[in-house]
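Everything below concerns the one structure shown next.
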Amino acid sequence: MTLPVQDLLAILPELVVISTACLILVLDPILAASKKDLLAWLTLAALAVCLGLTSSQVTGRQYAFSNMILIDSYGSFWKLLLYIVTGLTVLLSLAYLKAERLNIGEYYGFILLALAGMMVMVSGADLLTIYLGTELMSLSLYVMAGLKRADARSLEASAKYFVLGAFSSGILLYGISLLFGLAGSTRLPVIAEAIATQGTGNPILSLALVLLAVGFGFKLAVVPFHMWTPDVYQGAPTSVTAFMAVASKAASFGAFLRVFVEGLGGVSADWSILFTVVCLVTLALGNLVAIVQTNIKRMLAYSSIAHAGYALIGVVVAGRQGGMAASTGLPSVLLYIAIYSFMTLGAFALVGMLRKEGQESDNIEDYAGLAKREPLAAFFMLVFLVSLAGIPPTAGFIGKFYIFMAAVNGGMAWLAVVAVIFAAISAFYYLRIVMVMYMREPDNAAASHSRLETSPALSFVLACALAGVVLLGLFPNGLWSLATHAAPLLK
Amino acid sequence: MDHIFFFYFAGVIAVTSLLVVALRNPVYSALALLIMFFHVAGLYVTLHAEFLAAVQIVVYAGAILVLYLFVVMLLNVKTEERYHNQLPVAGLLGVMLCTEVILLLIQSRTAASAVPGDPVITSGNTETIGEVLYSTYLFPFEVASLILLVAMIGAIILAKKDIGDTVQ
Amino acid sequence: MLYTLIPFLPLFAFLIVGLGERWIKDRAHLVAVPAMVGSFALSLLALYEVALGHLVNVPLYTWLTSGNLDIHIAISIDRLTAVMLVLVTTVSTLVHIYTIGYMHGEPGYARFFAYIALFTFSMLMLVMADNLLQLFVFWEAVGLCSYLLIGHWYERPSACAAATKAFLVNRVGDFGFILGLFLVWYSFGSLDYATVFAQAQHVASTTMNVLGPFGGTWDVSVMTMICLLLFTGAVGKSAQVPLHVWLPDAMEGPTPISALIHAATMVTAGVFMVARLSPLYNLSPTAMTVVALVGALTMVLGATIALTQTDIKRVVAYSTMSQLGYMVMACGLGAYDAGMYHLLTHGAFKALLFLGCGSVIIALHHEQDMRHMGGLKDRLPVTYWTFLVGSLALAGFPLTAGFFSKDDILISSWSAGPLGQVLTICGLLTAGLTAFYSFRLVFVTFWGSSHVDPHHAGHVHEPSTTMTAPLMVLAVLSIVAGYLGIPAFLEPVFHSAGSAAHHEGPAAYGIMALATLMGLSGIGAAYYLYVLNPNLPDRLAHQWRALYELSLHKWYVDEAYDRSFVRPTISAANGLWKHVDVSIIDGAVNGVARAVAWGGWIVRLTQSGQTQHYALGMTLGAVVILTVYLLF
Amino acid sequence: MTTSFPWLSLIVFLPLIGAVLCLLVKVESARWLALSFTVVDFLCSLPLWWLFDSSTAEMQFVERASWITSPPVQYSLGLDGISFPLILMTTLLMPFCVMVSWTAIEKRIQLFMSMLLVMETAMLGVFVALDFVLFYVFWEAMLIPMYLLIGVWGGANRLYAAIKFFLYTLAGSLLLLVAIIALYFQGGHTFDILALSRGTYSASLQMWLFLAFFAAFAVKVPMFPFHTWLPDAHVEAPTAGSVILASVLLKMGTYGFLRFTLPMLPDATVTFTKPMIVLSIVAIIYGAYMALAQTDIKKLIAYSSVSHMGFVTLGIFVLNIQGIEGAVMQMVNHGITTGGLFLCVGIIYERTHSRHILDNTGLAGPMPRYALFLMIFALSSLGLPGTNSFVGEFLVLAGTFLWSKVAAAFAALGVILAAAYILWLMQRVAFGTPSPAHRAHLLDLNARETATLVPLVVLVFVIGIFPNPLLTRMHVSVAHLLAAPKTPAFAIEPRPVPPVIPVPPAAVAALTTLSSEQANAR
Amino acid sequence: MAVPLSYYLILSGFVFLTGVVGVLIRRNIIVILLSVELMLNATNINFVAFSEYFHNVAGQVFVFFALTVAAAEVAVGLAIIIALHRANSSIYVDDLNLLKR
């Protein structure tokens, strides 16, 4: 038994992440409580190293560890995105944990372990690795969601997330077992080949498809597998929510596309119909229910559901065109999720750090008059919301633009029309926040209005998110070429 | 002969799994599950997966289920006085799903056509698995270890009192 | 180029006075009057030039071009224009002078001068137009000045209402005018008089299907449509039935305005327009008939209403309406020269009458009800005598200007076929009524015992010279204008008119005699009723109550309009707004929003917080998808 | 034609720089900063009047640069005779918007001024963009600043009005986005407006695209029955917001029809001509009726805008030179006139804090200068000859008359009704005696306010009396629009104009130009 | 004669769905976890059966990993249950209702 050096080199970023995680877990008990910040900086350093390592992997396509894992530009795209959002989450957490008086050094370890899971997910070439990556990520997130143990809501979120997560992973696993039964292997290329040789009419395949769709649908938080999202997003500590909403969603999309395009591309006609329906109900429900929310975290949860719906349009189009290289469906999904990450992360960063009397103020009413108290914070929030609503010249518009381009190109203009109708509806709830911030005075004259607890780390996070939202809106060329470079390598 | 074993194990598995769900006292449920685990292990043996059969008994029956029972006792869990109020809907769905899944499964080509030939791995099942685990499946193996790490530390963080709840 | 100054001198006066209102204040006349005098002098010069047989046409600039629509602003003078110029500048100059006294000490003194200067400019440009659009533009501009001047005393609600009414009623007329204008452009491809007239014969033979857009067929001569539509404008501007209602109300404005705009110049623009476009009207007998009938109806109606009015200015106003009816009728019967002749003489004596009224009103401290007058002839001798001259001219008393022009009309009508003869009889009757009410006015105001408010009675005296001098000038003109040979001067313009040799023959003399008789008997009746038996009118009114009320209430036209147009429009607007715009259209918009929010509420209920509901949802999703797979 | 100097970029983005600076300075300086930026921007746009070449239908002052490489979205700007007047109008109006907000806006002045300047950039961008996506970016980008303008500094019901404005217009324009993308794939994979205008599209596609364009543009105009956001937005917006809304924002819809619908979808345009004209006429008459029913001055003017914009859409869809030139004129004129009216209302609102007609009566007495300006704008609004609005309405009606006499008659009814509601308004507001409650506040215009109104009044008359310099700058572009070879359908059937008969000398005697020689000789 | 594969599939399908129904109808979170174990075991039966019929050890390896994951899940799950019980004195899932709507 030898460990080929190439294999190890291929997973060097993963190794860095994992070993840093272990280091943190070891260091945590040793470090004095006041020096826990060091762990965050350590995490950031590891991420920076990974960023460099993965950047060197953006070209090429290399299997490693007996075809268990595939290092290619597609996975690297997601990894790069994950590093960035994880880094921002870590910075955000630095501020957030202090504000919440949570002093858990393991937190950063868990973030890194979850990240490792995500990295395995997006680069897995075998359903087994993908499943294990998913579980690694999920277990970390279950724990992280419940970290604010003093708060019953945090525990409740953790419990709900766990119960439903275990349920969905059971379903996912059953689907995988059926696929295994079909192809005799869990390797994606083998499955694709089996589908190609056996044809598509096999009922077991359909069953597997549905079960996988349910399993991944849960991770992607699309209707009707979304229902955990609002509760968990609301209950979990906000920095964790941000991480879940952004990184977990990105990684899930990465794995989801990998499985469905690379493994199940042969039945893309089937699943594109399935996801068309899912996409429609996701758009409808996410946007409609977001309207009536009074808690901003819940609202953002529904918003993230709705955004998954928009991204699904790209998936549907790609499926409809059989994952053709000509289709811009997949790159537009990649682009959309990347853009979504920046604006959502920015919004959650603000939500987490807007506090009154030490408590997070996540009721929309608490934002009344924010523009007067915290003009800069309100302005940042405005930009993020406007971008979420997809209004130019922010990045949110570019994301929708490419998605709609793909839809129309794929002959699904009607889907684009439906999507724009819901985009218009979505503008309502985003604007409602703007309205509350800018146009309403706080009800009571008490001094206990929410204010932004600023810190250099938070400012940096916000600045990065804003820069992402604005710059990607104005100059999307680079990201788009990355996405187009990454996506077609899925076959 | 195979059929007899199969029907015995399958029958017990089916009944006990129903009991797990149906029995209101969690202790009984757990015990039913325990019986089921044993029979699943038996089924594994008929399928030439001796190693898994052993692991099934050691890990599932020996560790996991004991953990469950321990928690049940620890928390002094009472009998559930009623099922969840969505029982009728859920039951209906379950029946529908069951019909559909079984319909699909017996229609499927793999299931219909596949008849086992001679098992490749007639002997040394454990050895074979050990071999691949550390070669082909080295990477998943490491990931699995991370999962266990997360589970361990996560369980500690969640269950232990007063960790990190306060600064200073 | 010199003639360009005719309109532009008033314009400069307007700009100087208007822009410098704050500094000029009560020195406004120092700018306005000389400008007007200059304009007047140049008009005379133009008249002389035109009389020599020359024509003047000075294109000023291209107003707009768009496709084949090409419109220039020009100054163009021919005989018809020249006499109008003289009339306008004469009356305007006199009114300017009169205003110095009349508006003395008013806060809006300079503003008033600015407006009348602007009016004069617009009126001059109107008559000098060489295309229909310029005519229309200044047609509206004089309407604006009328609006502004009627509303000069803007604190008075009645004045504002009258101003609005005047503008609106005119707008209704202009609605037809502009459609007619488009039809001209559509049919001729141009709006220039010269081009249009040159092609008139050709277009006269074409017809259009009026009911085409509604699926029916009713071919009407294009020329008739054009003439009728354009005439709608004249109906509005010249206060013809049924758009006459604004004119009496317009008396809310200061009296000089009534003289200038609502007697001598602007209201005659309709007549001028018909005369100007005579080459078109001549080609449409139908339109001519309509014009004649409308004129006759107005003539009679105005006279009957004037009989019973008690407001001194309103009597004169209705008489103006009636006299305009004469002119329009004349035009409708083809006697454009007669119509224009009466227009000119009427301009002189009616301005005189209004200014005389103004004199009385000023003397009585803005008292306008003639029942509160009486016995003023000794207190206001100049006013009385000039007023008397004016009234005689209005009544058609022999040897006054009104006598000649009115007879000209009646004689021309008589020779214009059976319709003309019927209308001549109407005209004769109206002449009698005219004589009656104009002398009723004289007798009640100046004769008999004084009913003046004793408060003011003590200091009733003749106004200043600036006011009396114009009266005297106009009195002279009211006589002299009859002897200037105006019809002969205008004859070349209307060379096609059929009534060329109408002054001869026994019929002419007969009608002249009849008219004189009617006039004299009218005067006699007035003398009998108001001087000899001052109580008789009241008894008669009592006896013929219905007729009296009908006349007093102006045939209830205002009331009818109020009920049939004004109130339904307002209530329709309110109803539409409340029940359509707010309820239905906006209701639909808000309804969509509410439905969306409601949908959100409903769907939100599924988010029960129950973990197992969520799991059920997932399962349900899977079941639905699987079922669909199995079924299809 | 390409010029070396990037005029358009300068004009478009100068205000944006000002917007950023405004956020960074103190209150007092923000006002002056905004004013100077808008004025300088106007001065920058002024040379275009002379540099503009009115003999070509080509785009002028073109700037091109790549923006997004795939799909190829360009940063390309240019002007022609249709957008040119709108640019000047926009830059001209903005200083007045700043000036009228000088004291009327009391809170968060920096943000206000900044938003005004952002609006200016976006609006100018809409009119000069030559790339469809760029156009769309500008088109949408103005929503947020306008939303804030209404929502933060608006009246009592501002929240409702702001969100209604936003959602209504957004819903329409999102459909436009889909249409733009569809055009991209059907029109040769380009977003270039000129290239797309040259393309031909199947009839059914045109139909769908027309509906999508209509959704965006008709809401913006707003055409009946999509107008109900307008009264709310107008009424609640601060004065500057109302002015911008009425003067510029509404024009973007009609500009869209002219720039996109007509050249790109000629067949659908012809197909939809009748419904469009009917809707326009309904808007004219219905808007006027609504105006008659109002007791809130701003609401009245808002509904009058519906009516007046009906003339614009009417002129556009009669598809002839007079109609379209009239429509463009009316766009400019409505901007000036209604802008002026809103400025006037803002001025009086600052004094009496009421927009109700009955609270603002008899203003002519205490405020004669104000009443004069109000009167001038009012008269212009009712289309009095000699004022600017007459030119546009006249041309539109002329064009309509060519299309259908009955349609012209109905449209002309709107002119009567306009006189009715405007004069009735004047009768109640300007005339009569002031209500005693407000008498003390009714001070006449101060120097700043006068300076705000005078240029507009001057323009009212200058355009009314000399419309031709403006018209000549659009002739070629409009002719080009109508004469594009692929749109034979636009050609109105030739009118049976009788041949011009040689004028006989006798007729000449009546009125011809022989006299002009004499006059000249004199 | 060997047992046909479909028998195993039907058995696993039944057990799996029993587990699903258990998750849906049991209120006690511990029993819900037990039901999830049923689902996982059903999966495992599948894997092993397929493995046998494909003569392929991969399925058995997968089961091994699934078992590991199940163990990990149980650890975390029971920790959550204990924490919950400490906070709420209840381990009924339908008592988790702070977060809703």
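As written, the chains take the letters A, B, C, D and E, and residue 1 is the first residue of each chain.
What we mean here is this: contacts are C-beta pairs under 8 Å (C-beta built on N, C-alpha and C of every residue); 3 or more make two chains touch, one makes a residue touch a chain.
Owing to the predicted nature of the structure, the values given are computational and were not obtained by experimental measurement.
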item: Contact-graph distance - origin chain D, target chain E; value: 2
item: Chains in simultaneous contact with chain C and chain D; value: A
item: Most central chain, Cα average position; value: D
item: Per Cα centroids, the chain farthest from chain C; value: B
item: Which of A-B and A-C has more C-beta pairs touching across its chains; value: A-B
item: Centroid distance [mean C-alpha coordinates] between chain E and chain A, Å; value: 26
item: Euclidean distance of C-alpha centroids - chain A vs chain D, Å; value: 45
item: Separation of mean Cα positions, chain E and chain B [Å, integer]; value: 6
item: Distance between chain centroids, defined by C-alpha means - chain B, chain C (Å); value: 102
item: Touching two or more other chains - residues of chain C; value: 593, 604, 607, 609, 611-613, 615-616, 619-620, 622, 626
item: Residue list for chain B, restricted to those that touch at least two other chains; value: 84, 86, 90, 93, 97, 101, 103-105, 108, 110-111, 136-137, 140, 144, 147, 150-151, 154, 157-158
item: Residue list for chain A, restricted to those that touch at least two other chains; value: 128, 132, 135, 139, 142-143, 146, 149, 158-160, 163, 167, 171, 181, 206-207, 230-231, 428
item: Interchain pairs in contact, sorted by label; value: A-B, A-C, A-D, A-E, B-C, B-E, C-D, C-E
item: Interfacial residue positions of chain A with respect to chain D in the complex; value: 371-372, 375, 382, 386, 391-393, 397, 400-401, 404-405, 408-409, 413, 416-417, 420-421, 423-424, 427-428, 431-432, 434-435, 438-440, 476-477, 480-481, 484
item: Touch list for chain B against partner chain E, complex; value: 2-3, 6, 10, 13-14, 17-18, 20-21, 26, 29-30, 33, 36-37, 40, 43-44, 46-49, 51-52, 55-56, 59-60, 63-64, 67-68, 71-72, 74-75, 77, 80, 82-84, 86-87, 90-91, 93-94, 97-98, 101-102, 105-106, 108, 110-112, 114-121, 125, 128-129, 132-133, 136-137, 140, 144, 147-148, 150-152, 154-159, 161
item: Complex contact set, residues of chain C against chain E; value: 604-605, 607-612, 615-616, 619
item: Chain C residues touching chain D - in the complex, by the definition given at the top; value: 1-3, 54-59, 61-67, 69, 76-78, 130, 133, 136-138, 140-141, 144, 147, 151, 154-155, 157, 159-161, 163-164, 167-168, 171-172, 175, 178-179, 182-183, 185-189, 193-195, 197-199, 201-203, 206, 208, 213-214, 279, 492-493, 569-570, 572-574, 576-578, 581, 585-586, 589, 593
item: Contact set on chain D toward chain A in their complex; value: 68-71, 108, 111, 133, 136-138, 140-141, 143-144, 147-148, 151-152, 158-159, 162-163, 166-167, 170-171, 174-175, 177-178, 181-182, 184-185
